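My structure is below; once you've seen it, I'll send some questions.
In this document, chain identifiers A, B, C and D correspond to the written order of the chains, with residue numbering beginning at 1 in each.
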Amino acid sequence: MIRFNCDYQEGAHPRILEALVRTNLDQTCGYGEDEVCEEARSRIRALCAAPEADVQFLVGGTQANFTLLAAALRCYQGVIAAETAHIAVHETGAVEATGHKVIALPQVDGKICAEQVDAFCRLHFTDGAHEHMVMPKAVYVSEATELGTVYNREELRALRAACDAWGLYLYVDGARLGYGMASEGCDVNLPFLAQVADAFYIGGTKQGALFGEAMVILNDELKRDFRYTLKQKGGMLAKGRLLGLQFNELLRDDLYFELSRHAVELAMELRRALQALGVSFLVDSPSNQQFPILPDAALKALENDFSYSYQQRMDDAHSCVRFCTSWATTREQVDALIAALQGALRK
Amino acid sequence: MIRFNCDYQEGAHPRILEALVRTNLDQTCGYGEDEVCEEARSRIRALCAAPEADVQFLVGGTQANFTLLAAALRCYQGVIAAETAHIAVHETGAVEATGHKVIALPQVDGKICAEQVDAFCRLHFTDGAHEHMVMPKAVYVSEATELGTVYNREELRALRAACDAWGLYLYVDGARLGYGMASEGCDVNLPFLAQVADAFYIGGTKQGALFGEAMVILNDELKRDFRYTLKQKGGMLAKGRLLGLQFNELLRDDLYFELSRHAVELAMELRRALQALGVSFLVDSPSNQQFPILPDAALKALENDFSYSYQQRMDDAHSCVRFCTSWATTREQVDALIAALQGALRK
Amino acid sequence: MIRFNCDYQEGAHPRILEALVRTNLDQTCGYGEDEVCEEARSRIRALCAAPEADVQFLVGGTQANFTLLAAALRCYQGVIAAETAHIAVHETGAVEATGHKVIALPQVDGKICAEQVDAFCRLHFTDGAHEHMVMPKAVYVSEATELGTVYNREELRALRAACDAWGLYLYVDGARLGYGMASEGCDVNLPFLAQVADAFYIGGTKQGALFGEAMVILNDELKRDFRYTLKQKGGMLAKGRLLGLQFNELLRDDLYFELSRHAVELAMELRRALQALGVSFLVDSPSNQQFPILPDAALKALENDFSYSYQQRMDDAHSCVRFCTSWATTREQVDALIAALQGALRK
Amino acid sequence: MIRFNCDYQEGAHPRILEALVRTNLDQTCGYGEDEVCEEARSRIRALCAAPEADVQFLVGGTQANFTLLAAALRCYQGVIAAETAHIAVHETGAVEATGHKVIALPQVDGKICAEQVDAFCRLHFTDGAHEHMVMPKAVYVSEATELGTVYNREELRALRAACDAWGLYLYVDGARLGYGMASEGCDVNLPFLAQVADAFYIGGTKQGALFGEAMVILNDELKRDFRYTLKQKGGMLAKGRLLGLQFNELLRDDLYFELSRHAVELAMELRRALQALGVSFLVDSPSNQQFPILPDAALKALENDFSYSYQQRMDDAHSCVRFCTSWATTREQVDALIAALQGALRK
C-alpha cells in the first residue's frame, strides 16, 4: 500500500532526526525560551525580512489557529472564512469552543475574495442592529487552500485593503505554505506575506518536520502577551527546543523550499498524466493536492495498492478523490500510481 | 408615529399591571421558588398536558436560547438551525460564546426540514473523520419563524423522527409561539409541542408580558440541574415572582390565546388589503409578521407616520419590509396604516 | 411570617408601578435606545458629575458582573476579588463560564485592600513564569460588601492607585450601593465613585426597583462596543424602556437615597437593640445587612414568625445569621422582630 | 552549567530516537489511529490490568488536563484541587478558559484529603442555595504532587470513597507518575490506579520521552466521544504514531520504571547529602523533586554552575529552592552538585 491520502504520514526529513540525535542530551531551558528557538526566530525574521516580527512555535495547525484567534478577538468578535475553511469544517469547532463565531462566506475553489469581505462588513457596520450580530474582526485564509488553490499577491493585497477599510486582522493559515508558494504561478513569498498579513504561520507538520508550526506575528496588538494564550491553550511545548531545532533545519540552505518544490513537481506530473488520460478535476490546483474525478470502478481497482482521501460523490458512477504528494513522496511512488491509474482507466 | 416595526414596543396587558400593583408588597422568597411561580408552573403543565414537565422562567429570548443550549450540549456538540435562525444571526453569537457551533442549514421561507437534518447527520456520522467536525446534538426551530411562517404537526413529527434517528434534542424557540399557534392552518398546540419537543419556551415578551419566557423542559436529561445553568447565565431573576405572576395572568382564561388571535387577525387584515393593492410578499406568512415588497417611493411616503423594519432590498426601486402586529395593536392603527398604504401605492 | 432573609422580596416602590401604568401603551423602540433610557442616562451622568460616562442598563447583578468582566478581559486575564466576593462564591461560576479566573484573595470583613492587590501583582509580574499564570487585569469590590461593610474614600483611592500601578481596571459591584453610601461614616458618593472606578453599577433590584442595574462606564476602553457584549450575554432587555423608567423614578427627587437611608436606619435600630441585649456580631456592619451571633434556641423560637438567612455555625449552641432591611421594611416589622428577639434571648 | 531546575531539559531516551530513525519513512494513517498507537494502547492496558481502558495520547500535561476536564464537566460543574495544584496555579487558567472553576482547597504538603472533599461536598449539596454555586464534579490530584509528595493507596482509596459518595470523578495527573510510583514507601502501581481513578495519565514528557502523555480512561462516561474533545482542544497530533512509538519504547522491558527509579535514587542521594549538612526541607519529598531551604549566600555561590528553580523566600537570609533529577541526570552531575553544596554551606 502506497499512501497518497495525506501529506503527514511519514516522519521527518533525515536532517531533523540527525539534529535530534546530535543534540539529545543538550540541556536547555523550556517553553521556547532557549537559544535554539532564538536561532530559529532570527532565521525566520531574516527570511521574512521582518526584523520586528514575533515568532512563536506551536505543535499543530488546529492549535495554531484557535490560539491566534483567541488571542486576537474580544468576546463579541468573530472571524470571516470560506465555508470550506479548515477552521469552519475540520477542527471540531475549536474556534467556537473559545467563544468566537466562524462567519462562513461562500467560496469559489476554496477561496474568498476582498469584495465579499468588503460587502459583508459594509452590511454589518451600516446595519442599525449591528450590535445584535457578531462583529467581524479577522479574516482567515489558507495558503494553499483546502482545495489546493493559492492566493496571489493581487488577491492578498485586495484582502488587506478590505481588512484595513473595516479594521480587521488578516490571518493566513500556512499549514501548506511551502507547497502553496512553490505552486506554478504563485508570486507570494515570505517577505510579501510578512507585509500583507497581521499574522501567519509557516507549516512544519506537512512540510518535512515531525510536527510544529511557526507563528509569525507582525501586528503589535497581536504580539502583546501572546505567550499567555499560547500557554493557556496547551501550545507551549515543555521542550520547546524541539520546535526551534526543526525549523532551524528546515529553513537552512533552502531545504524547506526545495522539499516544497519536490512535492509540487510530483503533483504536477500526476496531474499531467491524468489530464492525458482525459480525467477532469474538481478544481484546477497548482499545488500538492490534486482532486481528480474518477470512475468508481477505477478507484475500486486502486484500493488495495494505493490510499487516497475521498472528497465527494459527483454522480452515480464518479467520485472526486484527493491525492497528496509531500516532501517524502518519491518519483517511484508517483510513477506506480500513474501506471495503476492508466491501467484502471483504460479498462 | 404609529409603530409596526416590532411586537415589543408597548408595556404589558393591563391585567398584568393590575396584578403587579395588587401584590406589590407581598413578601416571597426569591429566584423562582415562590408560590406564585409554582402556580404558574402548574398552570403550564396543565395547559401542556405534561404533568412531568419542568418549567423555568427566564427574562428574554436570547437568554432562554443560550441557556437551554449550554445546558444541553457537551463541549464538542453543536446545534443545527436554519441559516436565518435567530440564534444564527441576531444574538451576537451568544451560542458560540458558550462554546458551541450553530450549524446553519439552508432554509426555505425560514424553515428547515427533517430531510435536511437527516442528510446532514448521515453525512456526519458516516464520515470517517467525524471526530474532526462538531457533533450535531440538537435541532433548533422557531414557531413562528423569523419570516412569520409556521411548522405544522407533520413537519414537527418528521423533525422529531430525524432527531430520534440520530440522538438529537428538538428545541423550539417560542418567542412568538402564541402568534404561531393562532395562525391560519396551524394545527400545533401546547400538548402537541410537549409531546414532540425536548424543550420549548412559551414567549411572554412579545405576547403581552412586560418581559419573560417560560421554558418547558420535557426530556429528563435536560431537566437535570438546569437551574445551575439558569443562575450561571444570568437568567435566575431575583424577584422570580414577577415572572410567575405574568404567566399566571396571561395563561388564565385563555388570555394568551385571545391576544394572539387578535394580533394575527389584524395581520391578516393588513395582508388582504395589501394583496388587494397588488402587492407581493417575500414569503407567505400566516402570522403576525408580514413581509410585503413595496416601492421605495411608497415607503418614503409612510416614514413620518409609521415605523416598520427594513428587511432587504429587492431591486432598484423596491424593498421588502416587515410590519408586525401584536397583542397591543388596535384596529384603528391597522386601518390607518392600510389607508396610508393605499394612498402611497395609488400615487 | 415577616421576612428579613434578603432585600429583594417585595416588588417596587409605588412610584415605579405608577409610572409603569401611566406609560404602559407608549410605543418606544427597543433595546435601551429609547428616550426614556436616554433621560435616565442623563440623570445618572448628572448625579455622577460624569458627563462622558456611558450608562447601560442590565436586568440583574450576576448578569451585570459577568457581562462587564467578559467585555473587559482578554482570554488570559482574570479578576482579583475577595474570597467571599459574590462573583467568587454565589454566581455559579458565571465569570469562569466566560473563560476568566476569579483570583480570590483572603478578606477581612468581606474586604480586600490595596496592599494585597499590590503584593499579588508584584509577585505575578516579577515572576519569570508569569506567562504560566492568569494575568490579573481587574479588581472587583462591592459597595457594600457581602458582609455589609463598606469601603471608604481612602480605601478606594488606595485601590485605584494599586490598579494604576499595575494596569488593572477597578470595578465596583453596587448591588447595594445606596445602602452602602447611606451607611454611617461612609464618605463615598456617586461623583467620587465615577472618579475612582473604571466602571460600577447602581443597583436597582435590591434598592426599590422591580429589577435592574445601571452600569456606569467611565473608562473609554470599556465603553467601546460594550453593547455587543450586553446583547450576547442576554442583558439587552427587549423593552429597555422598563429599565430607564425605573431609574428615572428612583433617581428623581432623592428617592433612591431616601429609601437607602430608611433601610439603614432600621438596620441600625435593630443593631442597637441587639447590642443592648448583649449580642455580638460576626462583623461590624454599618449598612442594611446585620450578622448577629445568636443562640440556636433563640433562632428556633423565631422561626415561625420571622425569616432570616443562615450564615454559619459559630459553636455548638450559636449560629451567625443575617437580617436584611430594605426600602420596603417598615418600622413595625423591625419593632416586631426586636420584640421577638428580646423575648427569645431573655428566656 | 548543570541544570537541575526541571525534569524536561534534555531530549529523550536513546531508544526512542533509535525507533524514530528506524521507522521514519513508514507510512501510517494519522491522528493516533495507526497500528503503532494500537500497540501502545495494548501495552498500557496490559500494564494497567485494565483490558477495557480507553487510551488516548496527548502532547503535553496542560493540554491533557484541560482536555480531560472539559470533556468530563458540564457547563456548571467544577473541579476540586489543592490550592497548589498545577491546574490551579501554573496553567494560565486553562481550565477556567474552558468555562470551569477550579475549586481550590487548602493543602498540606501539596496534598488534599478525602475528609476535605467530603466536607466541601456536604456543605455544597446540603446548602439551600447550592444552585448559586459551582457544582463540584471532579477531584484532581497529582502523583507525585507539585511538592514531590505522593499519595498512597489508603489515601487514594479514601478519595475514591468520597468521590463515590458525592458522584465525583477522580482524575490523577501523572506528569511525574513514574517518579511518584518509584518513591520510597509508595505502594501505588498502574493496576491500582486503574482501579481507583476514573482517568489518569502516564506522563512521558518528564519521564524519558521527547513529549507525550498517555491518558488512561476507565470510566465509560469519560470514554464516550473523548476524541472529539481531543481534536477540538488541539491534542490530536497529526502524526499520532510519534506518540505511540514513544510509549512503546518507554513501556517495554520495564524501561519507564527503571528510569524512574534511577532519578529517584539520585534525588535521595542528594537529600541524604543535604541532610548530612544539616539542611532542612520545605517538605519531606520522597520523589525526584527536592525542596531544601538554603542560605542565600550558598545559592549565590552555586549560581554560575548549577541551575535550580526558586520556590519561595523563607526569611531574610534563606530561600527554598527546587532541585529536580530526571531519567537523564547522571551520578556525576549529582556528585558535582553535592560537592558544590558542601563547599558553599561550609563556608
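The criterion applied here is as follows: a contact is a pair of C-beta atoms (placed from the backbone, for glycine too) under 8 Å apart; a residue touches a chain by one contact, two chains touch by 3 or more.
What you see is a predicted model, and the numbers here were worked out from it, not measured in a lab.
Distance between Cα centroids is largest for the pairing of subunit A with C. The interface holding more C-beta pairs in contact, when A-C is weighed against B-C, is B-C. Between the Cα centres of subunit A and subunit B there is a gap of 42 Å. As a whole-number value, the distance joining the C-alpha centres of subunit A and subunit C reads 50 Å. With centres set at the average Cα position, the gap from subunit B to subunit C is 34 Å. Shared interface positions of subunit D, i.e. residues touching 2 or more other chains, are given as 75-76, 91-93, 97-99, 131-132, 228-229, 231-232, 236. Taken together, the subunit D residues at the contact with subunit C in this complex read 75-76, 78, 89-93, 96-102, 104, 129, 131-134. Within the complex, the subunit D residues that touch subunit B are 31, 70-71, 74-76, 98-99, 131-132, 135, 225, 227-232, 236. Against subunit A, the residues of subunit D that register as touching in their complex are 1-3, 5-6, 8-12, 14, 17, 20-21, 23-30, 59-63, 66-67, 91-94, 97-98, 205-206, 210-211, 228-229, 231-239, 242, 307, 328.
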